[in-house]
Each structure stands twice: as C-alpha cells, then as structure tokens.
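Chain nomenclature is as follows: A, B, C and D, assigned in order of appearance, with residue numbering initiated at 1 for each chain independently.
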C-alpha cells in the first residue's frame, strides 16, 4: 500500500527548496536574535523556565521551513505553537495566564482544523509529500471543505477576523526577546502554510473574492482596533493582524488564478520577509527605549522611524516593494471585487501609519525600567535594524523586478507618501477633537472579542459545573440545569440491577444479530 | 535451553514463580522479589518483540502436543506489543508501589500481600496475551478477575469493598457468560484452538451464539459502555498503583481477545452487524465517558471516566475493518498505538493522581490549587499525560488519532472521524478543567514529608514515554504488520 | 434510593427468559451426535501411557490449564488471606479441646481421611480421583482438626503454612520448567519419567490444595462472635 | 428425547435461573449463590453436550473443562463470600443499593 501511513521518524522528510529558503533564513535569524536578546534581558533565575519553552518552540519554528511532508510540517507547526504558551504566560500574571489560555485554546482548535485538512489531503493524494498534497486537493470532490479548513486554521494563526485579537494577546505579556520571535516569525508560519498547502488557480472566483474581502476587512478593522489600545505591544499586535490581512488578500488571488499565482506568491514571501524583520525591530525597539535614558533614548526613538516607515511602505523601504508586489498580483485579476481591492489597497497604509504614530507616542512615554546594561540589547537591536534597511537591496530580484525599479520613480513616491501624510494630519486634528472622541482612547483591551468569548466559555463552564455564578445563594431550580440530570442518568445506569440487565440485553442483541 | 524459542512459556512461568516466591518470602523481602521479577519479565518481553520482528510470529506448543490436542501459545506482533507495554508499566508500577505501600501497620494493605496478588495479575495478563485456546482464555480471565477484584479491596475502606463487590459480581457474570459461550462453541465445532477454529469455522447457529456470548462477556470485562458500570467505582477507589494497572492494562487484556476473535478467528461478517454495534458503542463510550469525566469533582473518578471514554476508541477498529486490507492496516495500527499510548499515559495519570492525593490528603479537584508550586514535576507529568489524552501533537495519542482518522476517511465512513475529533475536544475540556486548578498559583499546604522522589518522578516518566511514543510508531507499525490479524488478512509484511 | 424501586422488576425476568430462549435454541440446533475431540484424546492418552483419559487431559494435554488453575486456587487463598479482618478471631472462639464424643470421632476420622486422600491421589492415573479430590478430603480433615481443638487456627498465614500452600505450585512450576533444559517446551514431560513426574506433582498438589481449603476456611472467620457488626 | 438433552435442558434452565437471581436478587449472598447456579448450569450443559459421542464413551475434554471450571468457581465463590462478609462488617449493608440490611431474613 502507499504510505499514507506515517512510518514515523523515518518517513519524515526535510529538504530545502526555493520557497523554504527565504523563510528558513528569516526564521533562523529572528529566533537566534531573540534567543540572545531573551538570554541577555531575563534574570538568571528565570532563564531556565523561559528557555524550557523557548528552545522547543524555536526548534519547531525553524525546522518548519524545511518540512517536506505533511507529518513533519504538522509536527514542526505544533512544536512551535504549543510551547509558545509558556512564553506568553511567563510573566505569571492573571492577564498573562488568561492570554495564554485563550492562545492555547485557539491553537488547539487551529491544530485540529489543520490536522483534519492534512488528513483529507493525504488520503486524497495517497501521499504525504507537500507539493503532491496541494495539487491533488485541487481536483478532489472534497476541495471546498479542505480549503475552508486550511484557511480557518491559517486564519487563527495569522489573526484574521474575527480572531484578530490573537496576535495582540500573544505579544503583549511575553518578555521582549521572545515576543520579537513571536511577532517576527510565528505568524509567518501561517504565510508559509499558504504557500505550501493552498492549491493555486482551482477555486471559483466568488470564493477567492470572499477571501480577499475578508483580508481587506481585517487590514482596516485591525488598524482601527489597534489605535484604540494602550500598550505599544498591543498596537504592534494589531498592526501585524492588519498586515496579515494583506497577505490573505494575496492568498485569495492565488486561489483562483493560476496566472497570477506566481505574483501572489512573490507578494506573500515579500510581505513575510519585510514584515517579519520590521515587526521584530519594533517589538525590540520599545524594550530598548525603555532601558535607555538621555541622548541615547532620543537616538533610539529616532531609529524606530526606520522600521515604522518600512511598515507604512515608504519609498526605498522593504515595505514599499512588498506592497508593490501585492498590487501587481491583485492587478492581474479582472472584475469588480479585485478592482475595488486594488483601489482600496493604498488606503490601508493610512491605518498602518496611524498605528505607527500611536506606537511611537506610547513608546516615548515608557519609563526606564531596569538598570541592566543596555549594551547587548542595543547591539542586537541594531543588527535587526540593519537587516530591515538592507533586506530590500538583497531582494532576489527575479520575484518582481518591476517593483524595485518603480520604487525609484517620482509618482510612486507620491503614492507611497500620501497615506502617511493623511495619518499625520489626522493625528494633529485629533488634538482638537471633542473630549468624547478622545475618551475612546484605550477602550480596546488586547484580545478584543476573544476576551468576551473566553468569559462566555467560563460562564458556560460554571453553568455546566452546576455552580451558581454569585457563589452566594444558589439559583438552582430556577434554571434548567443539565449537569444534575447527566449525573442522575449515570447513577441509575450503573445501579446494579439496571446495569446488569442492560448487559444481558446487550448479550441478547449480539446473539440475535449473529444468528439472523 | 534455547531461550528465544522458550520465550512465550517463560513469560508466563517466570512471573508465576515470582508470585509463589513472593508469598513465602515474607513482607520484607517480597518487594525485592517483585522488582527482580519485573526486570526479568521486561527483558523477556523485549526479547520476544525483537524475535517476532526478526522472524515473524510463531506458535509455542505447551507440553509438546500441539493443537488440537494440547494448548498452543501464539506469539505475534500484537501480543508482543501488549507484553512489552505490560512489562514497562509493570516495572514502573512496581517501583512506585515500593514507595506507596510503605507502612508499619501489620494489617494494612492486605497484610502485605499486594506483591503476590500483583505478580499473579501480571502472570495472568501475560498468559492472556499469549494464549491461543478459547478455554484457556477463561482460566486466564478468572485469574485476572480474582486478582483485580482483590487488589481493589486491598485498601480495606468501605467504598473500596463496595466497589470490589460490584466488580466481583460483574466479573462472575462475565465469566459465566464466557464459559457458556465456550461450551456452545465447542459443542458445535469440537475445537478450542483459535487457529484451528479460524480454518474450520462454518456458518452455524450454535457456534455463532457461542461466539456472540463470548464477545459480549469480553465487552463486559473491557467495560465498554453500557457495560462500564463496574469500572469507575473500582478504578476510582482502588489504591493508586492498582488503579494504574487496572486502567492501563487489565481492560486491554480482554480487549485483546475480542480483537483476535473478531478480526482473526472469525471470517468477515461471521457475526453480521456486531462490528457496527461495537463501533456505535465505542462512539457512545467516547462521548458519554468524557461528559461524565467533565462532571466529576474527585480526581480519580475523573481519570476513571476518562478510561471509559478512551476504551471507546479501541472499538472503532471493528466497523473500519470491513473496508479492505489497507484500511484495516491503518485502523489496527491506530488502535495498537492508542492502546500503548493510553496505557502509558493513563498509568502516569493514575500514579500522578495518587501522589497528589497523598500530598493534599484528600481527592477533591477543587481544592488542589497550587500543586504546580510544590510539586512541579508531578504537575508537569499530569499535564503531559493530558497532552496524550487529548491527542495533541507530538504525542503517541496524536499518532493514534492520525491513523484512525486516516482509516475512517479512507473507508469513506467519515462519521467515525467526526467522533474521533469530538473525543479529542471533550478530552481537552476535562483535562483543562483539572489542569487549570493544578496550575493555579495559590500557596498550598502539602504533606511534604510523605512525598518521595519516586512518587513524583515516575508519573512524569510514564507520561514522557507516552509522548515520545510518536517516535516509535514505525516500530509499532512493523509489529502490527507481524500480527496474525494482518497476516491472515493477506497484508504482506 | 434503591434501584429496585426505580427499576421495573419485569426486565430482569424478561432478560433471563431471553437467555433461556436463545441458549435453548442454540442447543436444539445441534446435531444429536458429535465426537468433539474424544477420539484424538483417547488415541493421545494411549500414547502418553496414562490410563485415565480425563487425568491425561487434565495433567498432560491441557496441563497448562491445570497449572493456571492451581494458580487460581492459590491466588484465591492469598486473596482471602489479604481480606481477613482479625487473624486471632477464630482462636478466641475455639477454647480448648472438643468433648469426648467429638474428640474420639476426630481421632478416628482424621487419620482415615488422610489415608483416603493418599489413596485418591494414587488411583488418579487410572480411575477417577486425583489431587483435587485428595486435597479436598485432606482440607476437610484439617478443618475437623481445627474445630475440635487439635490444631491451632492461628496457624493460617504463618510461614510454615505458607510454604505448604505454595509447595504444590512451586513443584508444578519446577516440573513444567524442567523439560525446557532438554530442548522440549513447557510441560513437555520426557516419555520415560512422565508417570512419576505426574505422580510427584499430584502428591505435592494434594498437600497445597488441602492447605488452601483449610486456609480459606480459617481466614474467613469473623472478627466478632456470631458475625455481628461491632 | 435423548438423554443428553435432559441434562442439557436442565443446565440451560439452571443458567437462566441463576441469571435472574444475579440480576434481581438484592442480598449479596443470594447473588453469590445465583452465580453458582449459573456455573452449575454451564457444567451440566458441558457434560450433557459432551455425551453425544457415537464412538462410545463421553468426550473427556468437556469433563476436564468442568473439573477446571469447578475449581475456579470454588475459588471465586470463596473470594465472593470473603468480600461480602468484610463488606457487611465494614458497612452493615447486605446489598449494593445502600439500603440498610433487612436484618430478620439473614
């Protein structure tokens, strides 16, 4: 028989291909930097606890780029995602623990969905090799359900609506070093999954339009939510969700059009590289700033402008190239929806710019926290900054030569600049806004609807446990309670006469069936 | 003596001799006898597994007569797997028990007779996994039953005695039903050897009635819903090392016989519809057991109901087996991996629960907050065992789920896959309920003096084994390929 | 809260009726003549040299069953010993020797029973009899001796009694293992010593079975007189 | 009616009776005795059906099975009585339904 059977460790295949290479470089670089950073900034007594989770997570996070078959991909994916819980809850505060629980629950659901999709694909393809999987599912009758499962799972990973809260939750309470890895690399595994698993050019147009619309909605809504939160990390989390929405747009393009797929894939890779580095620099940035004083602090704040501008997509930055690649990909499609998306794309930069302003303001307010020598953090941070600045020039040009060329033209400079200007203008205008509008500031806790969902689950749990919400006088009897009924059913089912009679009846059933 | 050829016989006689010697050795020396026996049996079991992997399954003629005159033992891949599982869990439980049963009270814990009873149980499990004779199965089942019932009551509390009495009567009902089945089967066929039966069985009302009775009796011994009525009380109120053995090994013994009767001895569709009933009951067990686990307030009751649920998975192989050799291979490997990973994880969970109970001095889950602070390795072990229960990767439970889901999808009967996924989510729910309490950061007062390094680290070791099992899946699948079920189904190894 | 009130009493009756019907049908479906393994066993017994076919089946062909059966008996004894409440309970209730009539009867019967037990074992290979029958008589003799005050009930569970209890099983294991060193399999008695080995096992088994039955009786004595709750 | 059927029918009847007792009788000693009924029923069935041999003489295999079965049943019964007794001393109950024992009908 064909090996849909996981023969285990021997059948795990790891190989490096064209898609994997940029991701491998990105993941290895970011996980290394963040490991060093975390080591330097974590008190000696807490290191063991942090790295017990960090090491497996990093191991999975780097090797996932090399995974060549469904099992190894899934294993690495899970190995990275599950121990990350320990990084999120490292602070051991109630909020951190709640964030960790939500993260772990969503991760478990995401893993289950991915597993379901992979199993269907493996059975349909009668193979485990990743390229074969994606190809086979395109012609399978189970195509729609499989792609939906994949998108749902990836969506949970990259924080698409309505799970936009997952990224802010996972950055906010995590120690800076680890957070930079989660911000820079973790969600990019979702992007890698898109490249590896989604079939190209096989889905109906409506399907991909829906995906693109969802991506755009995420891009805009996450930006709005982000400007209303109160910590720099949460802002960065929403910014990531917003950017990941754009990646989803590219995935939507590739789903329906085989011709546009290479362009879309180029855009996904470009976005991943660019966003991974820039976001990592920003996450480390607010920690570095908080460790500095005086002139060094001012210089660091100024240096933050580099990754911020890159994210907004300013000319000559990696963000510009990435956005250009995305526009090209969308442009290759024809129809009302793609054209609308194409027209709206530049406007997403306003949101990003607003987020960056908000981040800058919040970071500037942060007070110096530790007296640990900032030398090592600053050095590591500079390395990431250098990577952000240089990556655009080391771009493998064949992906999108056009984008790099036009980055230098005047008109494109303008298209890249006006959203930023609008954001600055809006920010200035906000100073004169009525007090009511300013009160909106900070109304979004990191995690938004997920927190509400978690509260609902806890309430349901309490209800199931048959406990009253108040803990005081119980309201038992007023409300139909299912738990006592279930308990009573089991009690009477295990009472001797009932149970043994039931067994003898089962005997009779089996005999009757057998001797038909 | 050619030890390799004698392994099946030795695997029964060595623990039996250990049991006899431990009885005359006295309470002080009995633990040493048990440990020495455990190590020997582990070596023998591993040697048997290696031998089967190298040379394939073989038969062992006790007394040199051979079937149908004498009794044959059958050493195939599946049997070797269960023997190794039993030996590993057995060794760990023996080590744990040396710390758990330390008491100076002469009358406590069955007058120090735990070791003898436990070695008898080990003997009977090994004999059950190896036997190829349907009447010999009856004798083995009674050995298992008597030792299990007694071990449940060894603590001596009223609750344990009540659970033991229920277990005893369930055991009697099952034994009589099984023996009646054997009587009818023998009257119809004139044969008792499974292999002879496999080649000679023809459609016949009496033989079918006999086999149906035997299957039903084994279902009762395996505690498949709705015949699970004796399990939660027995597994929940026994001393923890006993609970671990009961949940992780004893129910597997009777299950293994069902597996052989249904998939190896009987031709396909010999008992039409029974495989569907077993699959449906398995699904019901997964859901009902998990829901009840979710409702429990005492830790060992929760773990016991989790066993009710996990047993359900084992029965999904029967409806899937109708779909050809490929699906059968997947499903059989899946249930074998599940049996192994559940065996290790559940033993770890029960031992962990036992250690927690000793330290807290009670068994209420709600009041176990803060365990992570004072017993981190213990809590970590319980959490890891939970990972396998939920089927999260990377763990043995995950490997089992993967294989079973693949089999369900390949068979086209996707609803079994839906049951598997639901079961995983429900397991996550009840494990999180437990873990959320244990991981609370509240200060606690524990009976630290009673803690022994063994009771803290052994559960973790078992749980780690269950997680790392995912790496041993190729080995398991090779052993599955060397099992008579697959060989007789025409799957070339 | 009894399940009797909640559970309709008719259902167990129906279930047992169903058992009667189905098993009855299965029995009636059998042909009136069938050999089973009778012919093979008889031929095999001729080859093995044991005249009583049932003994040949029990101790030779299916000797493995019997080995495990001895294990069951010893296990049950250990189990009941582990459940005993108060080892000294029976001693308190049997104070002193029995009266003259019972005493005289015991003095006559007990040696006779021991001889009968020995005889039962000896004839086991050719006629009905054997270790179990002998052991049962031996055990009964022991009970008689204890109840009439000639033996101490507190002996149950003592080291020497433990040895007697175990010696049958240990001997059986030894004999079962012995052929392995000659290249045979478990319980494959060498042809020349088959009969003497079986007799050897039977004698020691008789002792152990007798001790088992006696221990089962002694260990289940009540903690308090009359078996009432304290 | 053949001789073997008389024994067998008796065995089946005994087995069904025992089943009813084990299921429905509350007192634990009744249950132990009922289980012994079931056992004796099976032994009768084994002996009865083993007596169909046309070659003269009964089949020795069922006889051996019955002998083994009797010993096993004795062992099980001894354990059962010991547990029932200990349970009664510990709780004062003679059934599994948590009802106080009837007292008089002991």
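Keep in mind that, in the parts below, a residue touches a chain if its C-beta (ideal position, glycine included) is under 8 Å from a C-beta of that chain, and two chains touch if they have at least 3 such contacts.
Since the structure is predicted, the reported quantities are computational estimates derived from the model, not experimental observations.
Two chain pairs, A-D and B-C, are weighed by contacting C-beta pairs, with B-C ahead. Of all the chains shown, the one with its CA centroid nearest the global CA centroid is B. One simple way to say how far apart two chains are is to compare their mean CA positions; for chain A and chain D this gives 66 Å. Here the spacing of chain B and chain D, counted between their Cα centres, is 28 Å.
Inter-chain centre distance (chain A to chain C, centres taken as mean C-alpha positions): 70 Å.
For chain A, residues touching at least two other chains, in rising order: 495-497, 500-501, 504, 507, 511, 515.
For chain D, residues touching at least two other chains, in rising order: 15, 19, 22-24, 45, 49-50, 52, 61-62, 68, 72, 75-76, 79, 83, 86, 96-97. Looking at chain C, residues 3-4, 12, 15-16, 19, 22-23, 25-27, 30, 34-37, 41, 62, 65, 69, 72, 75-76, 79, 83-84 sit in touch with two or more other chains.
Taken pairwise by the contact criterion, the protein chains are fully connected, each one touching every other.
In the complex of the two chains, the chain C residues touching chain B come out as 22-23, 25-27, 29-30, 34-37, 40-41, 44, 60-65, 67-69, 71-72, 74-76, 78-79, 81-84, 157, 159, 162-163, 165-166, 169-170, 173, 176-177, 179-181, 183-189.
Contact residues on chain C toward chain D in their complex (touch as defined above): 1-4, 9, 12-13, 15-17, 19-20, 23-24, 27, 30-39, 41-42, 45, 53-54, 56-58, 62, 65-66, 69, 72-73, 75-77, 79-80, 83-85, 132, 216, 219-220, 222-223, 227, 229-230. Per the touch definition, chain B reaches chain D in the complex via residues 135, 138-139, 142, 145-146, 149-150, 153, 156-158, 161-162, 164-166, 168-169, 171-173, 175-176, 179-180, 182-184, 186-187, 192.
The residues of chain D lying in touch with chain C in their complex are 2, 4-5, 8-9, 12-13, 15-17, 19-20, 23-24, 26, 45, 49-50, 52-55, 57-64, 67-68, 71-72, 74-76, 78-79, 81-83, 85-86, 88-89, 92, 95, 97-99.
Those residues of chain D whose C-beta lies close enough to touch chain A in the complex are 19, 22-24, 96-97.
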